[in-house]
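These notes concern the structure reproduced below.
In order of appearance the chains are A, B, C, D and E, and numbering begins at 1 in each one.
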Amino acid sequence: MDTSQTLLVFFGGLVPMAAIAFVLGRRKALLSDARGARMHSLPGQYGVYVATWMALPALAIGIVAACAVLVGVRVPAAPFVLSFALFAAAIGFAMALRRVEPSLRARNAIEKFVYWTLFAASLVSILTTFGIIISILFEALKFFNQVSVWDFVTGTNWSPVASFRPGQDVADSQFGSVPLFAGTFMITAIAMTVAIPVGLFAAIYMSEYASYRVRTLAKPMLEILAGIPTVVYGFFAAITVSPLVVDFANYFGLNASYTNALAPGLVMGIMIIPFISSLSDDVINAIPNSLREGAYALGATKSETIKQIVLPAAFPGIMAAALLGISRALGETMIVVMAAGLRPNLTWNPLEDMTTVTVRIVDALTGDQSFDSPETLAAFALGLVLFVVTLTLNLISIIVIRKFRQSYE
Amino acid sequence: MSQGISLTPSRQLKKRYRAERRFKAYCVGALLLAMAFLVLFFADMIRQGHSAFVQTQIRAEVTYNEDTVKFTSEAVDESIAPLVSRAFFRAIPRRVENNPDLMGTTQSVWLTANADVDQYRKGYTDRLEPEMLSALERLTSEGNVGYGFNKGLFFSGDSKIPSNAGLWSAFVGTFYVMLVVLAVSFPIGVATAIYLEEFAPDNRFTQAVEININNLAAVPSILFGLLGLAIFINFFGVPRSSALAGGLTLSLMTLPVIIISTRAALRAVPQNIRQGAQAVGASRWQAIRDHVLPLSLPGILTGTIIGVAQAMGETAPLLLIGMIAYIPDAPTSMTEAATVLPAQIFTWAGMPERAYVSLTAAGILVLLSLLITLNATAVILRNRFERRW
Amino acid sequence: MTGDTTQVVRVPTMERPRVNQSTKMSIGDLAVWYGEKQALHGVSMDVYENEVTALIGPSGCGKSTFLRCLNRMNDLVPGVRIEGEVVLDEQNIYAPEVDVVELRSHIGMVFQKPNPFPKSIYENIAYAPKILGQIRKRTDMDDLVERSLRRAGLWEEVKDRLSSPGLSLSGGQQQRLCIARAIAVSPSVLLMDEPCSALDPVATATVEQLIDELKENYTIVIVTHNLQQAARVAGYTAFFHLGNIIEFSDTDSLFTHPREKKTEDYITGRYG
Amino acid sequence: AEQIRIVGSSTVYPFSSYVAEELGATTDIRTPVVESTGSGGGMKLFCGGVGDKTPDITNASRRMKPSEFKMCQDNGVTDITENVVGFDGIVVAQSKQDDAIDLSREQITLAVAAKVPKDGKLVDNPYNKWSDIDSSLPDREILVYGPPTSSGTRDAFEELVLEHGSENIDGYGEAYTKIRQDGKYVPSGENDNLIVKKLAQNKDAFGVFGFSYLEENRDTLQGAKVDGVEPERDLISSGEYPVSRSLFFYTKNAHVEKVEGMKDYVDMFLSEQMASDRGYLKNLGLIPLPEDRLKSERSEWESRAKLKASDLKG
Amino acid sequence: MTGDTTQVVRVPTMERPRVNQSTKMSIGDLAVWYGEKQALHGVSMDVYENEVTALIGPSGCGKSTFLRCLNRMNDLVPGVRIEGEVVLDEQNIYAPEVDVVELRSHIGMVFQKPNPFPKSIYENIAYAPKILGQIRKRTDMDDLVERSLRRAGLWEEVKDRLSSPGLSLSGGQQQRLCIARAIAVSPSVLLMDEPCSALDPVATATVEQLIDELKENYTIVIVTHNLQQAARVAGYTAFFHLGNIIEFSDTDSLFTHPREKKTEDYITGRYG
């Protein structure tokens, strides 16, 4: 029996059984009700109670067995597991049905079940974070077995040697990640130079000046910017903006590479505008109107009120929004994969090409090096650092925003 | 006693008003800049992509006989054959097989030209051999060359022959992937949101979960790709490149979006509705199920649509789980290899042939119209059902 | 008006029988904390059967908190801690074996802001009897809906549009709908937290009259910030201040001969 | 499985996917899925085991490594057939508007190696212009766009040009190790339309990439002669052009019976119509095998010749 | 208490000179709409110089709306429409040539909830004189800050921590800070919208006393929901109901001999 058949039998058996359990549980409750007993819960609730107790043990066994198979532990054959599960279901059913009595608090039991189900769902997000960490950590550790963390973090030279043929000396490789992070930060800085002023001023306009109609028009427009997929931005950066930057640079007698850092930086900035503007918009709107009125009542003009009262009050929130924007820019992949260079380059000149952490990750994992070569493993090390950096930024800004919101609630 | 105070602007106030106007101009300017970019972007995409929606077609006499089934390029005139897309010739044997009546006939049909001819006519490249050029000129003067709607763009799968390449398999793949995303992230996301908003005690653990969710919403997408590769494919053995693998990976990315917007929707339902229900003897869950959820449904759906739209445009994680590959046939199940629209766009963007540039832009236009439709639906839903309490 | 004149505000009160009342609820040493903050400091009092008891006091003194302890609605507030006992018909409702959901179906509650469910008028009334399993047959339910609406004095106004949304009613009608909803499950006690403060004078009068009728069958506890309202509808009044009961007695004596200085200061408008 | 899965080299990918498409279009077999994972990534997946979830064929722009062969064996992938399907020339291209140029491998080495001999010692590469290396070369800045370290093409370029070059340069005492990092050699994506623009715009620049890419952009690019030989198909095929490598694919024979169409796919790949000198893949830039070599490859395939560890040594 | 007894609530009032007042502001036929909804229906009244005028009335009757028309704060509400005239020192503040920003610097305002800026105490006071360009020198500013705080009776309490944030003060101190802030720019009229409703009794008493002192120099209009407060602080009182002025006269007569039935009903607590 293959997996899908097993699943079919499993659920094919479970669903009708649960239905029967429901009917029987409900019937028993109705009977005692008819006999005049004062039932604690509704008859249907007893039905659900019995069905749940029937299905739960079977599901538990199924899940345990499935996990065991996946992890590679030897388990009895599928038919055996199946019959075992059905047996457990039958026992659960019998016990639950026996307990259906007027004093049984079926509603409370269901309530509990719902609670734990919801709770279990909320664990998925935690598991996701663990999943990310696990999937990066082990490979990253393998890498750090070969390359010292210190060299990785402080080295300014990134030049892995191909490890295709036997005899190539991998020890000649250098994995100094500074140039990669420098490139990443350069592009991020360019992006934020675009995104923060434009996003913030646009947010101010929309929350303080714009009429209702302008706002209902402009907001969705900005949301479109947020909805454009990054692969599309990447194409635009590579095909349209990069050549434009080169032409511009040439016009001023400057030399620009086709994979300059400026083009992806600019486009990334545009991508981040809506993040900044909508977060700032939130934050500015959270400033109570009473502060504005206080300033107006003293004879302040609108811009004075905004600049001197609203913005300073909103500053922590805006700061946090900017941090979130930065974290997004650091981790952005498609734009730089398509439009930034591959050359680790430590420079201040944004017209030169430079590479970024995410570009390197993608390049190493989709490139030709073997899976256990240091360069491939380096991708995980880079991923780990990236995760830690963005995690830190996210945490700071999430906490700041929470605090900020609380202080104005 | 202040007598006769002046209520007209003083000189100093006039100066303040100038600063006022300047500041407002910055704000308007910022918004206009963002809008201008949007316009520029769309104009550019349309400029690059519009031509891919039509294709050069050439009318020619096609002869079907034993010979031409074998040596397919002889089915049309020798001078015309080099202008016609290879996709036509290679399909001749099967076409005859499926429709034996064709055998021995000669028909005048419109054939799709190959990419070189197409690109030449659209003014992108100029590299036709002299014989081809003269043949093309002759055909044009005879009225046997024209543009036709590029049906293949929508109804055929990927191809290495640009004139034959289309988005169909990516459409179907996207559909499957989104099914998975919905099936996984909607129930889990809504359940998580209900738990956090309605049930969770205010303790460290809950706070950790909340912060974790907000963090997940901002974790670089490429890291989700690493997760998909390590956990779903390598550990759980989900088939590589499959809609299931892609969908599960994207589900985890969509989850925070749905959770956050569902929580907002739940929070918008006034507390007194819950209290009213509980005060008449409804349990907590009954109050939520019967009153809160129905009221917050529009908000939940809006968030879900936006989350799905976001997932639909995601590419980076798919790079790592094998969905960026040559997959021309539409998948027929969750476990078959599938590709999605943004992945297809990425593939085309990297193709060396020039014809793929406009195909890429056309693909982008198609994807964007899908996404904008989805988002517009969400906005309309939100405006329609938004309730002020 | 020069010098220290005294200004007279008339408060009419109504006739009320002065029989010896039996105790419906008895609250003993009730203390409530919200997190670190203590909102009630060991409050004790009795609620008499088929009587209206008013709770008055300045804003934030704990009236609502006290009221919400009587049907354990306060359990829902995160971080709340409650000590002491509330005995309803000889049973402490804070005893571990008490099922709160069950309890609340015996003690109805009406809130400050009318909060009908965003459903039809009919469903507003029918919801609770349905989920409590009290009524199963459609015709029984129709009867119950009519009976409840009649009691709340709303039947004539809405009988032709039972399926229109509860929110389409005016504020006063909504509040009476909420009262109808509360009495549909036949509770024995009715708690009301400033039920008229969001209503206009006409609606207020209607609701006050309704309260007067309901006390035939229900024990009613009402929070109000309107002293005159307390004087008009309540047989007994408790004056709260900073989480303590300062004075509790029959309404007449409390208003005419307050025993405590604080009470007097409050009812003469020196603070609040 | 009902669908053939092919992974591996990005260099072979265009040819492989073209054949896949042809197979899908002309028969009832489902079009195989072709993924470009790089030679190394392909080997990893291919050698991961036998069965549904593993690929049937992997392409490679180099031979399987003994370590990879061992991994295959360990995972039960024991019956593998190896085929060469053609050659890939690695070209040094420049703008069509530049003067034609002839570079020796030694000159290229001196231009891009990290260390070069000077006065008997190995020093950091001091050359800024080609004319610094040899006065007969043009007065052009050295600027080479070439494959990144993650690419097999880079590996081949280093092996076939730089190692070879360094061995022939006097005073290059130790083995060549590395390409210079000072911006004269710019790693660039291989399948990148930008590289064409870069070369068209910057007349100084050279680009290093696969022959097929030059073929596709003949209207704007020209190839430099290497050691006096033009990068022309015939010259690469005959081995006269010095920088070329073989392209391989490996077939998992255990799957041939189980996966519908695998045989048809390989047959088609090796057919006259595709791989021969008159075949279609030529148009995509594949340098075909000489006729007899192609025949012998076909018979290897017919007999499902089993790859042995000893084949891979040397 | 049986039958129709009358209950007495004492409202102490203070001595007040009965001189003939000159008019500071004169409101003529003021009507305000919020969108479709009319909130004021042609209200006319005078505000006398160096007097405290109280506005009372049930919730939603338009008191705040009226008050906010006096310094054109209502202009800021989206969708508002205002008709009629408000004359300040013989000039209609709704005339087209009037500059609102200039106007507001002449008419101070204090809000229901204390709203100090999230800045230091010093900066809270210095903010307006600075942007208005009234004071340039640092020492002048120090003087002004001290003077304003003294007037608001806050100087002694905060003189040692002028640089600590305004929000670190208690509610009553914050409200006095807001008053100090308002008088720092020497307005001639001071508007107050329920300035004590968020304060405790002690803070309320302090602010009431402050109002009493300020009326020496300022014309004050105060909205309050506390009838006793109106009686305590105001020389004149206007009773609003449903967007109309029902009655406007000196406080004593309004409370002791209301001319209108509605006024009487309201001050005796029949509604509101």
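Heads up, the rule we're going with is that a residue touches a chain if its C-beta (ideal position, glycine included) is under 8 Å from a C-beta of that chain, and two chains touch if they have at least 3 such contacts.
Treat the numbers as computed from the prediction; the structure is a model and nothing was measured.
By the document's definition of touch, common neighbours of chain B and chain C comprise A, E. Annotation of chain D and chain E: jointly contacted by A, B, touch as defined at the top. Graph distance from chain C to chain D, where chains that touch are one step apart, equals 2. Put simply, the chain closest to the centre of the protein, by Cα centroids, is A. Averaging Cα atoms per chain gives one point for each, and the point farthest from that of chain A is the centre of E. Looking at which two chains touch through the most C-beta pairs, you get A-B. The distance from the centre of chain A to the centre of chain E, with each centre set as the mean of the Cα atoms, comes to 52 Å. Taking each chain's centre as the average of its CA atoms, chain A and chain B sit 19 Å apart. For this pair, chain A with chain D, the centres built from the Cα atoms lie 38 Å apart. Chain centres here are Cα averages; for chain A and chain C they lie 48 Å apart.
For chain B, residues that reach two or more other chains under the stated contact definition are 16, 237, 283, 357. The set of chain A residues touching two or more other chains comprises 107-108, 238-239, 301, 304, 365-366. Shown for chain E are the residues in touch with two or more other chains, namely 101-103, 106, 131-132. Going by the touch rule set out above, the chain pairs that meet are A-B, A-C, A-D, A-E, B-C, B-D, B-E, C-E. Residue ranges of chain D in contact with chain A, taken from their complex: 9-10, 36-41, 43-44, 61-62, 65-68, 148-152, 154-155, 158-159, 177-179, 181, 183, 186-189, 193-194, 197-198, 201. Interface residues of chain A, counted against chain C in their complex, comprise 39-43, 105, 107-108.
Of all the residues in chain E, the ones that touch chain C in their complex are 1-13, 15-16, 58, 200-201, 204, 226-229, 231, 252-253, 255-256, 265, 267-272.
Against chain E, in their complex, chain A makes its touches with residues 211-212, 288, 290-291, 293-301, 304, 308-309, 312-313. Those residues of chain E whose C-beta lies close enough to touch chain B in the complex are 49, 88-91, 93, 97-99, 101-103, 106, 131-133, 186, 188.
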